[in-house]
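For clarity, chains are labelled A, B, C, D, E and F in written order, and residue numbers in each chain start from 1.
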Amino acid sequence: MESVTEFMSMGGYGGYVWPAFGIVLFVMALLWVASMRGWRNSEKILATLRNSRREREDVAE
Amino acid sequence: MFQGRGIVCERGERRIFSNLDFTIAPGGAAVLRGPNGCGKTSLLRIAATLLRAADGQLKWDGGDISEDIEAHRARLHFIGHQDAVKGALTVRENIALWANIRGDGEGRIDAALAAFDISHLGDTPAQYLSAGQHRRTALARLVASPAILWLLDEPTVSLDADGTACLQRVIADHRAARGMVMAATHIELGLDDAELLRLKPQ
Amino acid sequence: MFQGRGIVCERGERRIFSNLDFTIAPGGAAVLRGPNGCGKTSLLRIAATLLRAADGQLKWDGGDISEDIEAHRARLHFIGHQDAVKGALTVRENIALWANIRGDGEGRIDAALAAFDISHLGDTPAQYLSAGQHRRTALARLVASPAILWLLDEPTVSLDADGTACLQRVIADHRAARGMVMAATHIELGLDDAELLRLKPQ
Amino acid sequence: MSMHYFANPARFTRLAGRIQPLAGCLAAILLIVGLYLALVQAPADYQQGETVRIMFVHVPSAWMALFCYSFLAVASAVALIWKHPLADLAAKASAPIGAGFTFLALVTGSLWGKPMWGTWWVWDARLTSVLILLFLYLGYMALWQAIEDSQKAAKAAAVLALVGAVNVPIIKFSVDWWNTLHQPASVLRMDGPAIHPSMLWPLLIMALAFKAYFVTLLLARMRMELNLRRIRALRLAERSS
Amino acid sequence: MKQLGAIIQRDLRLAARQGGATFLALVFFVLTVTLFPLGIGPEPAVLARVAPGVLWVAALLAAMLSLDRLFQADFEDGSLEQLALSGLPIGGVVLAKIIAHWLTTGLPLLLAAPILAVLLNMDDEGFAALMLTMLIGTPALSLIGAIGAALTLTVRRGGVLLSLLVLPLYIPVLIFGVSAIDAAVHGLNAKPHLLLLAALTVACLPLCPWAAAAAVKLSLE
Amino acid sequence: MKQLGAIIQRDLRLAARQGGATFLALVFFVLTVTLFPLGIGPEPAVLARVAPGVLWVAALLAAMLSLDRLFQADFEDGSLEQLALSGLPIGGVVLAKIIAHWLTTGLPLLLAAPILAVLLNMDDEGFAALMLTMLIGTPALSLIGAIGAALTLTVRRGGVLLSLLVLPLYIPVLIFGVSAIDAAVHGLNAKPHLLLLAALTVACLPLCPWAAAAAVKLSLE
């Protein structure tokens, strides 16, 4: 228990070290989620558009 | 009944026309014709209270319009060369916007799009429209939010035959519902029974 | 001789027309017609090299135009809806300006003003012009500095009968001097012997 | 559009489909290992104490900030000169990632500066040029966003990226010059103490993790842009028919 | 009321569409503030000394530059005419547009100010006062600016004339704003300055829309 | 050549007609500089310390604000199109417009700078350096700015985006300009700074019109 609090305090600099790591992970995660979601969404929309098109005209490009 | 009595127009300290009278009854129409610079646009702007006449009186059902300018403005549509279509918004948004601002809601947007045959352009940003499509978007406002008096400055500019037919149909419907129209034009509008106001250059 | 071969136009990733051919011989004229949004303006802009065709070739006397775009631009006049008339300058200054920039000097300004019957407006700042007077000012450039190819996008918009007659006269003179004209329009232009190019919506 | 146009992107999509998961896994593993090493394994510095751990995120972020801009500039040059259809997309896709890392370099640097220098911010040459780099990124992205027509936007943004790339060294150099005039080297030097191997390893691993992360996101964003382009074309074709 | 809401909503949407105007007014503020240390040198003491002044001057300039967006675009494409013809009182239309303007410029400036204060090394005591003066003062900037924007409508490219008209009117806001922060930094009572600033804003609230509406009417003739 | 002269003449005439643009860019410069004593207090020592920085920052902002006049009006009313169709190389047209821009903004700033320097209590030693840096530096502002103005042409109301693009690029001019004056004020040798500034301007001379012309061509398509 003691070692955990010690670890968290980072020699008295916990107030700087943890926010630094925290914001790095947070921004990286945010960018990751946004990019991946944007990409998956675009795949989905493209697929439905293509399907609806194929249904209408049997001659696929 | 919309009337003008002894209207005098001055622009840039020059008299454009004087002593002009007109009367439009419910369901009636007046077509302004005359050479370039004779004051058609000026007269329409006076009728819309956007320009002050140097002299004369505008009357609505006999009452003086200058007594309640806002009421008069609320009952008219003015469509001129600057057509208040925002390039950043889609066609539908552009029309809905004005319907909302005039307090009529979005109930008639689809009818407006259909009336000018631009339903397929509903989601196109207005900056990608051709000249005629742009004008149709501006005219669609006439249908999207009702107003009893329409003031149209060269409404058929850039319209093809089909677009002109749409406009004629819309005007006919409007007049059938006792609406009034005042339009300036250089070409035939097909308003057969309209009063013809010929402005002469001074 | 001005020719287009297999011109394809795409705008905003959409095909507007394809495989369009045209030929204008010296003294010849082509009139573009078609419904709103069929690509008349786009074709004129392609002919002026303001827009790049997705495919196809433009030729001048048999040579490929893309080899010397500046030479092609120097030999044409393009007059569209945005007419490059500065409100702060007078009518005469506006016309003189472009004649000077094109390197032709001010020798023909008076003739240009007379040709469109706006001599009396020479010293009026353009911001005080009516719509038709504005257009005449833009068109007067055609006369003020010579160019062999005229590309006109709905040139008669806002013109009265008299103004349209002026334009017809000017075009006839131009063609008599072996000039070429390509014009888009929705109404009769009175170019009887012109090749008619009908664009169809795709 | 010609066959050639889609031939390349199609091959790219296939390739990206294979690389992207690999890079993603690599990034995750390296990041976990790197974080463990950085937070637990690495020793505290005898001068800076535990704050030195910030280095393990700060320095790789700063490196990535610079790297992404170089990547963006090269991609823009390729797009302008050789008109490679994917180069535009690569440039566009790398901008938000680079901006993110630049922001992180600034924030972690500030968080390090407060305990070390006693202030969140000094107008040191290096710090100032990173701040300006952030503005360049933002301007680039804003230009992309502001021009509706994507082909025009691509070219305009590429011109801007190149002009910016010429300017980055000039800015760096001028700020250096400016700073030495007003303020002789009294501010703490950033070059810091020599790096022990026990710190070098976690630093390198974190740097690699960031690189792998960049590759993953770059590929995902490029595929997204490619899809969006196709979607636009399909939608417009539909609307007009 | 609902119609005024529609106007506000429309302006916000246009701002969002047109290249993220919100984001951009902000960026001008940030850039101007960062130029100053580059101009006057990095010494923290000097920067701290001039920080409140620089922040407020930059806020003034940022607010002023965004003014030509207020009516000009709508005037040129005929939208302002249509708004005047919509039957709403012009004063109301103007007020709605002022509110939208504040939401897209004043508010973001307010939020960015503390971060920039850190960059300029401002004393910690000044932060609360800075935020308060910004909150009270920026609406006055939008309100006063509307008069200038309306007056310069018929002037082509009136941007610079606008600044000539508006900046002198902004001076009281600047002075009260800065002196409140300075008082707080020096441990004095900032309240009288804040009250004066508030009085100014409250006085502008009925006067400015009315004056701006009169100017708009003029320009439509 | 004669045709480029005609373009310059035209731009100057338009500037003179449209509400005296020359006079107005100048006025913005003067107003911004006079806001500073109001913002940071009247102490002569502080003012003298920040004078070169404030002058140059204000010059940067004034030059930047006048940029949207450079191509935008001509783009919107079709004049730019007509210029492109006049058969002149676009790079030449752009250069002519840049020259006209400098004559209507850079030159008046240059002339007003010493008077404002007096107002800000700048040390006498700095005056010659101030004038020289302005003379050498303001053309670079017009040149670099042209790129931003051309890039933001198709953006409606691009004014603020323009500042985001252009201000970072202006930073070297600012820094060399200020450091030359500072060196002179402190009795050091200003020459190396001036040479660097001159090198910058000379490098911009061929590069910027070329890049701006590329951007203009884009926007016309």
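In the analysis below, contacts are C-beta pairs under 8 Å (C-beta built on N, C-alpha and C of every residue); 3 or more make two chains touch, one makes a residue touch a chain.
What you are looking at is a predicted structure, and each value in this text was computed from that prediction instead of being measured.
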Ranking B-E and C-D by C-beta pairs in contact puts on top B-E
Farthest chain (mean CA position) relative to subunit D
B
Quick one: report the Å distance separating subunit A from subunit C, using the average Cα coordinate of each chain.
54
I'd like to verify one number: the distance from the centre of subunit D to the centre of subunit E, where each centre is the average of its C-alpha atoms, in whole angstrom.
34
For the pair subunit A and subunit E, the C-alpha centroid-to-centroid distance in angstrom is 36
At least two other chains touched by the same residue of subunit F: list those residues.
18, 155-156, 158, 161, 164, 167-168, 171, 175, 178, 182, 221
Which residue numbers or ranges of subunit A touch two or more of the other chains?
none
Which positions in subunit D touch two or more other chains at once?
132, 135, 138, 142, 146, 148-149, 175, 178, 182, 239-240
Listed in rising order, subunit C residues that touch subunit F in their complex are 48, 50-52, 70-71, 73-78, 80-86, 88-89, 93, 97-98, 100-103
Where on subunit F does subunit C make contact in their complex?
2-3, 6-7, 10, 13-14, 17-18, 74, 76-79, 81-89, 220-221
Residues of subunit F touching subunit E in their complex?
18-19, 21, 24-25, 27-28, 31-32, 35-36, 38-41, 46, 49-50, 52-54, 56-57, 60-61, 65-66, 68-69, 73, 155-161, 163-164, 167-168, 171, 174-175, 178, 182
Flag every residue of subunit C that touches subunit B in the complex, lowest number first.
11-12, 34-37, 41, 81, 128-133, 136, 154, 157-163, 186-187
Touch list for subunit F against partner subunit D, complex:
147, 151-152, 154-155, 158, 161, 164-165, 167-169, 171-172, 175-176, 178-179, 182-183, 193, 196, 200, 207, 211, 214-215, 218-219, 221
